[in-house]
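Quick one: the structure is below, and I'll ask about it shortly.
When the chains are written out, they are named A, B, C, D, E, F, G and H in that same order, and each has its own residue count from 1.
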């Protein structure tokens, strides 16, 4: 079509030679989840998303990591500080996650243990969320992009002071090439086809989307 | 002007050699409309646009497809599931549309029938709308852009959970080269000149824009 | 003070003779909880509160009813209709609640079984929540006020189409003498003194207020 | 209960002697609908509700008047003026309505024909909506209250310049004793019991509430 | 009707004996306009209404005072202070207004010159606007109500720090019996009948309502 | 005027006999300030006002108490609990305030020490602020009103979860007769006349209103 | 600096060779103002900016065109149609402007007279504003960019249906290389130095910025 | 990794050869702070951020400049004009800053003294904030980008008329390559590692983030 010569790695469809845009698409064999500084103290600063909804989003992303069995890293900035410990329910939900307490580095990518853990995983797609968006998410996102990774920022599992602050951070990350999306888009881009696990995926939705649950209940009946 | 050598395909005006930007403009002989997952169940998740207004926008886009006699595809994600059947009024409005129920593929462009239907039409400009914006619209939009199509996302006939989610999806699609616009812009970019059908186009506006109707009534009197 | 002669029933403090205002204060031995039409179908209409937060509020009110062991009524409007069944998680949470499916009456107070259940309880303070606010909450609220009950409308466990609709309903109920408050105010007005159950009440808060949980965790450590 | 002696006219339940509040409840044999100045010119001033949604609300109120066969008055302020003619679709929807063009009176209750039409109907409950809220609705509402009528202001079928203006008008009318509610509350307070007309009432909802329609479709299937 | 015996002073319609509510309606022979502290310095504090729109509202109220030839008082709080001089365009617009610079009293009604000026006018209906709403408007409003005047607060020609502050002030004044309305409602309640001055009133609207002007232009043509 | 016989206690102006409304006006010899539960832990729950602005409002109210030398009470709910200690800067600002740590009572008026401290002061006007609005402010407000006090709720020095919760609490308190206002209105109602302390009052404004400071600076120069 | 070799055309400062970004800066000898479809009928559709403020912005842009004596074009889409005539006050303000009534072309750049008028002016910087943003502004903006012009979209003198529609149009134009700014930025980028006309420029601000006027008045005194 | 050959200047990690994106990261030895036109008169125009919060943000940025001992420039546009003098508290906070009063140039980069001061510092990273955003910030930002500097716009210490104006300015600067962020992100990108000054940095946070202070207090205890 349109004199195509290349072929999409993802879709097996031909891509026109002249087309600069390549869809960097999440793949469950290439992705890793990085939770940055979801700590009790910092959590209290989040005001751009309501607390109940924010916690639900963070837990849904954790549930997603479990459901797709993705390698997962929980990193924190000095848990023994005003920043506080990692949210206990997040640790409980992710028993297999690697936990890295950074002794001082603000940008998680400045910490060698984080870098090594990511490199060791062999994954090149990083799904990232954190508190606060413009620091704990934006800094490693920009570093990871520079290092050649594909970065997917989970905007609704990331929180910060207010919308002004958030919007500036989004534009800074967008300009650098990060892909902004919510946990629901992450899940669907990884899942790709309902037929791979119809019942399990429906249960995953029921657990995490109150507005979808009645539809499932009604359908199953 | 300014040492121009190229010529705009659309306007027959010369374009300066050095100008990187080319206006990809909708053309009623090149465009196709793709409705993705406007299904009863998923519809109940839409909360970024009021239900009455959202439905009016979707129906206006359908009316537009009929008015310009554009090839149209209605695709759905497993109608026999909690997602539910395609909105019946949409099907009624578009009797000539091709209907494709995808058995599991979340990204409509992963479904061979959708790809074939688009390719068979010979159209290279895709007008797309769907629910929810960051999945059912964004995924095929990114795939279509990679495949070399020009993609026009109809933002007001696409709905999702909330504004945060929508804004992230917009920035992701914008970065990939999609053009974001409302159904009213689509109509006018296709129509181009009132003189091609003054009375019919005025009627089209009257049917779909309550705030414009009194102006027409007043003028005709 | 100020030539007082009356005495507050609640506080044992004298009240000035001339004072028209009497604080109708919730009392755990006088209160009953009435959930009206929290049904799966109607639930999908709620758009003035985000779904995740709304569900959390409804469940917190149910948890409150259990915690204080208050007589509780769950009533629904024709469960076998588009309105749908009562939210199953609400029924599960409240195994001792009386469930009344009204065959047609829109105002729950028009249903004799509801009236009898309330009267039989001997309670005169009604804590009410429902969907949608201006009908399923407002109608029985106005009827209960006319019948001489004290009515406490739990505004954050009640949902409706949008804020305009909600605000009008609030003013209508306020004018009639209803007291508007959130589930958190209900809990505290019932609890009155932390010393009655310090550990249990703290757990109740941890379960239902994500922003309070880290404070408790930090304190207990 | 509580030493009651009076009896509610509406519910046949006893009311405590000392209770000052009486629920003035809509009754389809007592109610009349008054549309004030829904004229093409004035319509263009409405900016507190989106045009598509506002028109839908006005038409739903008209549909309600037809469904319950209520006496209906359409009054206008000098149709042959910049205010413009009554919305034609409103007139078409209400063929039996009495139409009164006021030659100059701004407050509809200053017009003798309006007063006579209301008095002749024998109705004492006035359901009113109009444009703009703080003038065309508020003025006759205050006059009707003074004259002893029960007034029900349909807030979502009434429009004005902006929210500031609207909120002030609401408080002024609330203070005078008007009941503020939306067309959906009006319908349900009139209907009272689904069993009086289950299929017809469901159809009425389907026509006027896009978010309810899929529930009905799904249930009927 | 309803066994009426009283008669409305305003409408000449009978009023039921038992009706507590009396419509206090603006009358151009009873009303006086009181502008409080529209001073250059204080003006810079207004942030609940955009500056362009706020100034337009204040000037429209002044135009109204001229159009209806109402007695008008411009009072200021220490013009030779950080509060600054009265807005010069307001003074220019109202050459016949009495100007009273209060040497220190914050509540304008504490100033004897203001009291005398109001009493001398013989007017009992006070149309008031000022900056800031919760002080310069609310204080004299409460004093005037106590003194037996009917008070009409022009909410859109009054400004303050933010909406929270404004809303509290509105509820305080509402509770005391003030009537809240915008300048447009004031004009129409005074005008009552277009026939008293059709061309002049239309010109008044054209000057002050940009959205109404095209309607007049179109009609006159 | 209007056949007056009574005389306003405050203004020395006659009040008409028939006038039900009496302006309860703050008086610096009658007022007491009550800070309820401005504690570090509870503070982190406030989300209806931005943290920087909220703290500034609380400190401005404290500055006001100092400036007018009003008797002041700081009460807290179990400082040794997750609620945390009273904000240290508030204690530092108010060295003369009486501090009462309630061992368990949620409603501060249920605590005998608070009641005694208020009664001992001989003050009948209570200026109250606290966290959270619908509990720590609303409960003692309702109790104080019942006990015959005049209550002035400082809305901008009181915080809570969100606007929905706040609005409900406001309406509940308004209905009971509380006067809602911001700290700026409190200051001006107490000050009454600039001439009592022109330089000091200007300094008070400079310290607490950033937007007023440049006006003072400019004037003094 | 940084090994610079180029020199900025505008600032006479050296620019680093490798720097891709060139500041396209407005110049009063290169700029032309293009008003598109500010017509009475279309004007009534604008709802993303309040009418009073929108009109003030449009008139400020016209005042700017006069003040800088810029070549100006007023174009309209079929004035004898429901779209209505060009706003008369705009024509009055711009007596020297060229007026072009397009007989049918929706995109103003499709009209040969508009193209000729722009080309004849010899200007390469187009300052554009219009109604509605996503059609009458966006279409010619994209065409002008393709034709090699520098385009400056005056966002506050352009209006449309709502914010969703506007935001999509902004992103579409941003992607194509348009510069988005308000009339105030246009004025300052053209003026560059106060010393060129201190008194005249101050007057220009006084006329068009109500919030700046008191500063000027105060300074001049 | 991924066939990398380059090495990040900042992180010492290899960067893939083909990667176009380079993270321009703030470095305390390369950065300079430029405050533009924080003048008393212009300050009164700011309405997109509340005055208390805006001032706190500006002072936090100044505190940051002091804390990191960054070269700092305070420039103003004609202090002896309606624009007014530089905020005195800003000058007091920054005694070592270079102060440049521009006699007329609107774009600070058009002023030779500003250019020389920046060049003399040898710094290539410019942290900029100012009033108003679309002029005093955007103009020098675009000039500095053209001149090859890295520009970091501190969005929350920059203010303007309203959000519409601000959003347009953000997109214009983003398109040119500016990095948008808040003062908190600036501080953390400069600090990089808590271990460099744990106590001092904690104090810096305590002074400037009210919501963080209780966490520090609680931790230290």
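The rule is simple: contacts are C-beta pairs under 8 Å (C-beta built on N, C-alpha and C of every residue); 3 or more make two chains touch, one makes a residue touch a chain.
Keep in mind that this is a model prediction, so the values were computed, not measured.
Peer 1: Could you tell me which chains are in contact with chain B and with chain G alike?
Peer 2: D
Peer 1: Would you mind naming the chains that touch chain B and likewise touch chain H?
Peer 2: A, G
Peer 1: What's the minimum number of touch steps needed to get from chain C to chain G?
Peer 2: Minimum number of steps from chain C to chain G: 2.
Peer 1: When contacts are scored as defined above, which chain pair ends up with more C-beta pairs, E-G or A-F?
Peer 2: Answer to which pair has more contacts is E-G.
Peer 1: Same or different for chain A and chain H, where same means more than half of the interface numbers show up on both copies?
Peer 2: Under half of the interface numbering overlaps between copies: different.
Peer 1: Taking each chain's centre as the mean of its CA atoms, which one is farthest from the centre of chain H?
Peer 2: D
Peer 1: When the contact pairs of B-G are compared by residue number, which of E-G, A-F or A-H has over half in common?
Peer 2: A-H
Peer 1: Between chain F and chain G, what distance separates the C-alpha centroids? Give it in angstrom.
Peer 2: From the centre of chain F to the centre of chain G is 50 Å.
Peer 1: Rounded to a whole Å, what is the gap between the Cα centroids of chain B and chain D?
Peer 2: Chain centroid spacing, chain B to chain D, equals 38 Å.
Peer 1: Take the average of all CA coordinates in chain G, do the same for chain H, and state the distance between these two points in whole angstrom.
Peer 2: The computed centroid separation for chain G versus chain H comes out at 29 Å.
Peer 1: Which positions in chain H are in touch with at least two other chains?
Peer 2: Touching at least two other chains: 41, 44, 50-51, 84, 171, 177, 209, 211, 218.
Peer 1: Applying that definition of touch, give me each pair of chains that meets it.
Peer 2: Here the touching pairs of chains are A-B, A-C, A-F, A-H, B-C, B-D, B-G, C-D, C-F, D-E, D-G, E-F, E-G, E-H, F-H, G-H.
Peer 1: Using the touch definition from the top, list the residues of chain G that touch chain D in their complex.
Peer 2: Spelled out, the residues of chain G in touch with chain D are 44, 47, 50-51, 162.
Peer 1: If you look only at chain B, which of its residues touch chain G in the complex?
Peer 2: Touching chain G: residues 1-2, 4, 8, 10-11, 13-16, 18-19, 21-23, 25, 49, 155-156, 170, 174, 177, 179-182, 184-185, 188-189, 191-196, 198, 202, 209, 211-212, 215-216, 218-219 of chain B.
Peer 1: Give the list of chain G residues in touch with chain E in this complex.
Peer 2: So the residues of chain G touching chain E come out as 40-41, 43-44, 50-56, 84-85, 87-88, 209-211, 214, 217-218.
Peer 1: Quick check on the complex: what are the chain H residues that touch chain G?
Peer 2: 41, 44-45, 77-78, 81-84, 103-107, 109-110, 115, 119, 124, 132, 134-135, 138-139, 142-143, 145-148, 161, 164-165, 167-169, 171-172, 175-177
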